[in-house]
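Got some structures for you, see below.
Here come two complexes built around chain A, the first alongside chain B, the second alongside chain C.
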Partner chain A sequence: MEKGSKEKLKIGIYELTGCAGDALLILDCEKELIDMFKAADIQSFLMAKSDNIDGELDVALVEGSVSTEREKEELLDIRKRAKTVVAIGICACFGGIQAAFLDKKDWEKNFKKVYGDKKMTHTKPLQSKPIDAYIKVDYYLPGCPIGKEQFLSTFNRILRGHPPELYRFSVCVECKWNENDCLLNKGIPCLGPITRAGCGSICINHNLPCVGCWGPVEEANLTSEFHLLREKGFDYDFIKKKMANFSGTGMADFLGELKGEKK
Partner chain B sequence: MRIIKLKKDNLFPFLEVISEEADLWAPVKKGDKHVFKVVDDFSQIEMNSTRTILPPRKIFLPPTFDMFSVSEEGYKEDFSHITKKILFGIHPCDIHGLLILDNFYKQAYLDPYYLEARKNTLILGLSCWPDEYCFAKSTNTHIIEEGFDLFFTYLKDFFLVWIGSSQGDDLVRLKPELFDEKLTDKDIQTYLNWQAERDKAYKWDLNFTAMPDLMELKYGDPLWEKLGDTCLACGSCTNVCPTCGCYNIMDKQFLGGKDGKIMRHWDACTLEEYSEVAGGENFRKKRSDRLKLWYTHKLQAFISKYGKPSCVGCGRCIVACPVDINVRTVGKALLGEEEDAFWIRLNKEVTK
Partner chain C sequence: MKKISVDHLARVEGNGGISATIDGKIVTDVKFSIYEGPRLVEMLTLGKTPEEDVNIVPRICAICSISHKYAALRAMENALSVKVPAKVSLFRELMHLGEMIESHSLHIYYLALPDYVGFPNVIAMAAKFDLEVKIALEMKEFANHIMKTASGRYIHGENPVIGGFGKFPSKEELIWIKSRAIHFMPFVLKTVSLFCELDYPDCPEEDTVFACCNPDQNKYGIAGDEIILSTGEAINKEDYKSLTNEFVVSHSYAKHSRYKGEPYSVGALARVNNLGEKLKGEAGKMYKKYFNPRWKKNPLFNNAAQALEILYAFERIPKIIDKMRQLPAPAIVLYKKKDGKGTGIVEAPRGLLIHSYEISGGLISYTDIITPTAQNAEDIERYCYIAAQKLLDKGKESKIRDRMDLVVRAYDPCISCSAHMAEIKKAPLDDWRTKLDGIIKKGLPIFVGIGRGNRSDDRAGLELALELRKQGVTDVWLESEIIEVEAPWKNKPHRPLVFIDALDFKEKPGKMILLPLHYIFSNTVLSHKLLPFISSDMGYERLKNSFVLGIQPESIEEGMKISEPVRQALEKVLKQIMN
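Entry: the complex of A and B
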């Protein structure tokens, strides 16, 4: 939108496969919600209102991963209608927990285990993938769920025509700011060094290791983290599962290359 | 400098009096480590603490704080986080750390937040005993002659108290009857014995005089690539170092209105974004280049400018780095001595 234009930005908030935690978090911004609806023209937000319109959009916020043919089509349609697409939450950004089975065969096996030979009639199931497997994504807002402060700041910046300003370093930085004693140094498998900051190192503040729910940080040194955990006594399968748990696709290349390493 | 004596039992009554007008910050336990915190209950103060997880600079420039409030009228500096403080229990190396930050924020680049916080904080130092990571004797920061208002040397039943400033003297005058002006020969001998024992207690050392030349001579050494391959770019070394002072700023605008804040947070040259400029160009995209910068700062550049290293031997980077990249292992590697370190083991394992 041009600066100074009186028209409010047209925004759509969409949910694909996920727990709806990100949409819920947006609704949970109680103090700011009225300002949000005042500042933008929210055309579609299924969790918040019933008079939803599927028209042209300035910005689409998309939560969840793609796990059916119908979602894929919905997503392609959103991309066609929206000038800017923002992936919100770990599922949209990296596939989330439902994409933890990286291998197509593993996924097929697991699918069979859950659904048996049932015929899927209303849509075709797909192996779960982040939205950028199908469309171009302009901005990513990770989190499980996304953080309130980061969401509001991103929303606000987008309204003003600025790109989001996110922390680009790892959870360790916030962890140190919070003056935690490092769990990894005590032999506890913490994924802080390879995970993007933004959550305020909340798990470590409560003495729990980071499980990587904000997805990999841009510069994640997966090789070093992997071997460090190996040296601390964890086995290949454990580390692989841990790394793939929330952000399978973000780790896929690395974990794929690692195959030969299995001891 | 005047030196007086305080009986051990008189410490808490003294702290009681002086903490009436200011927050008293002191080291307390956090798990098996220590942190500086505001204390009301003096029995929580850890008199034999080792290094705190974060250095005392967090008390002057917190990891994050609001620097300006912004409105249609313009910017307004926000000093609301700065209050009157007394910092008790800070060790000599950390006082040196503050003096090094002074070179930066009080001389090279005047930082109003730092200046204001420094003005409002009294420094009450405390002697310490080295553990296996300390090497302050190598950096000559195990003793301190300036930079404090009072300094307490803890000698079992009593303290010798150095009065380092008129403000320190004012504190003593709040309750002079707690102190003894006269020291006996025995007191002096006790102190000398303590000092000799303490100096012998350092468990390792690093030849700092060799470091500037070695940094120069080994700037192109493959060592740096190995370090870069292993570094997690987690920023912990930088965040825990008492002499690091870089920061970044971020806008915090409020929805709908025109008001906002500008937030300041600690930054670290070991992080990727640090050397990125407008347009996305990054001068130190490689972790090895960033580590070179950090170690140049600690072991070389500061020495040529100020005649001392900007490492005070606190050992925090040794404790903090998950992959053993720290002044000890890097310093030793520059000297051609091999330490047992994860980054050395990893390179053997992955490249074999």
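Entry: the complex of A and C
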């Protein structure tokens, strides 16, 4: 028998600054979408529905980085209302591509180049940051965008009151499962060893190197990857930029330390 | 003063809002605000390799990620003189059509249709429209499958690269896609009938300019190297800035665009309006059956145009696959060039998308990306303004909110596309001469001179009015002579009304600008002196035919002397009017 809506978990799906790819991925769960709406009480999901309510929540799924004052306030409000907050996608987890300007002055300079001195009246801009720069995050679901399988399994486990079980190893593991030849061995700059698994090593399956779009895996050996690429003959700046493209704040400490290192 | 606003637009992609400010019987301001934060994506690409750019830029937007990738690839390949084999072009077209079907079906069924049948979302709608929802889900899933096959995954796949693809699909895969596309046809035809026969409200309805890519070989298509306009003009892709003329507005992190000073529209409706005659097969038949002149005026028909394009895509897919199967899978084309400049244009589902780059020493030194929603923003505001003012004129204020919501959603805005760089430009300066001639052609204008006689250049409007009178022009008035109840424009809605005033629009002294009167409200920098003249019975018809001719003053300090640049400007205007 189907549970009444009062007994269902109240869930809100929110989008901050990003490409909205994680919300879209949820809509892309075509066949499971109706079941999701049946199994949980989806209180807010702007992309999918117009009768949204901002009330108490059991779980808030938050996509995107915090990039305006308005988003910061919205996020603080979500945290107050929700028992559990899950960051979905690399923008929420690490700040995403737009968090690559790690230095505040650097960001300000670039902001000015784009928008000039025009005063923004609708909401104040903020340097893009992951959501845990402002609130406590309970779980992180990485991806660019998140993967369907991992999302559905996380959603299911949360509905049953269990913490999500995510891959805690790098893309290389999935790549071996898929029996691909190692691109690094061929001298192609692949970020598989330091990137979080879950995508199914999709790029390497297509004979293309991993670009690192899921962000760094826990305890990634960044130094080793860096030296490996140096040994393969890649330029210092090239490697640094490549590692910074998608990692946002995820490799900030490492990239910061590199500054001092001799080229 | 009151404000009607939709703070969080639902069932659109990204974070945005629309608001209308109403003062008595006048809509004084309409703003399409984008709350999506600034991402500075173009700046992020600087100093990166062309390959890295192609990885990064699709992240601007999930739903148009393939269009972004495709536009970037076309631009890079132009810059680096890479010519791709036919099979690569065909496979790219297939992935692009997959995105078109996915995005359009998501929009018309999930996001737009609930409005027309009275449900808050697609899931609730399923109870009554079981078959429609099922078609939508199946169609979207199929389109996602095509994108996954071509690009590697549903969203942000990396298989398409400069010079080709990492991997081509198997013969079995292609045959499966082809047969599935053919099996889908009855449902696709049903989709077209459904959305072409919806009862679209006739407000707002007004002409605009439509812009889209001109596809090669004189066929319908969704990519090309030239932009064509509904006015018959054509613009080479490298000259795209003459179309877009971007400028920053203070209520959005997406820049706005105007062509020759006027808003324009891009998207499925622009494509069908500009290229519909070239549709063949079932799509051609459906076009002949349903197309009518309202499509050229009413943005709500974008829903119908998207349905028609889904049909176009389903008919095109089997043909592409037949051609692809005859060709061997080519290796990625390598290149040696390290410097170059290139622009790539494609039609994203919601309209013209432009990527332009400069590469120096193998690294990107300049990036400009112009997205469809940024181009549509001005027309979205204009149509919402028209809808709001017309409904207000008819005493239907309570309908304004929902109608604006409907208009915004019809444009299928993709609010995530709020990236931007390029140097800052001021609002485009209209060619006031052509515009003034255009106004005079419509009918002899009523002129009103505005200003303060003892404030140097602020006298300009008054001076000009007096001079016009001296030259024998009739129906010329001074600010002080206007009595609200018997305003000279009362009962003359078809005579154009032109206010002449010194306006500070931050330009060189003596520069001139001609604006529709209602823009004065939304450009707070300009003037508030005109507000008292907008009497409360000025309805939509009157406002539509009212303008402001502004002259940039040098000084408005106390004094009787008009500065030299403003004096020269006055002479120019006088000459123009007397001619």
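Basically, the second predicted complex is superposed on the first by the 256 of 263 C-alpha atoms of A that agree within 3 Å, B and C clash if a C-alpha of one lies under 4 Å from a C-alpha of the other, contacts with A are read in each partner's own complex, and residues count from 1 in each chain.
One rule holds in what follows: a contact is a pair of C-beta atoms (placed from the backbone, for glycine too) under 8 Å apart; a residue touches a chain by one contact, two chains touch by 3 or more.
Remember, it's a predicted structure, so these values are computed and weren't measured experimentally.
By the touch criterion defined above, A:M251 lies against neither chain B nor chain C after alignment on the C-alpha atoms of chain A.
In the superposed model, more residues of chain A are touched by C than by the other of chain B and chain C. Of the two partner chains, neither chain B nor chain C is touched by A:I158. Once chain A of one complex is fitted onto chain A of the other, the partner contacts of A:V59 are absent, as it touches neither chain B nor chain C. In the superposition on chain A, A:A92 contacts neither chain B nor chain C. Contacts of A:H227 after superposition on the shared chain: chain B is touched, whereas chain C is not. Looking at the shared chain after the overlay, A:K241 reaches chain C, while chain B stays out of its contact range. Using the contact criterion defined above for the overlaid structures, shared-chain residue A:C172 touches chain B, although it does not reach chain C. Contact residues of chain B toward chain A in the complex are 30-33, 35, 53-54, 58, 63-64, 229-236, 239-240, 250-256, 265-266, 268, 271-273, 287, 319-320, 322-323, 342, 345-346, 349-350. Here chain A touches chain C in the complex through residues 15-25, 27-28, 30-31, 33-34, 37, 46-52, 65-68, 70-71, 96-98, 100-101, 107, 110-111, 113-123, 125-126, 128, 144-145, 148, 199, 202-203, 205-208, 211, 213, 238, 241-242, 245, going by the rule given at the top. Residues 8-15, 33, 35-44, 47-49, 52, 55-56, 59-63, 65, 106, 110, 114, 120-124, 126, 137-138, 140-141, 144, 152-159, 161, 165-167, 248-253, 415-416, 420-424 of chain C are the ones that touch chain A when the two sit in their complex.
By the touch criterion stated above, chain A contacts chain B in their complex at residues 32, 35-36, 38-39, 152-153, 155-157, 159-160, 165, 168-170, 172-173, 176-177, 179-182, 184-185, 192-194, 218-219, 221, 223-225, 227-228, 231.
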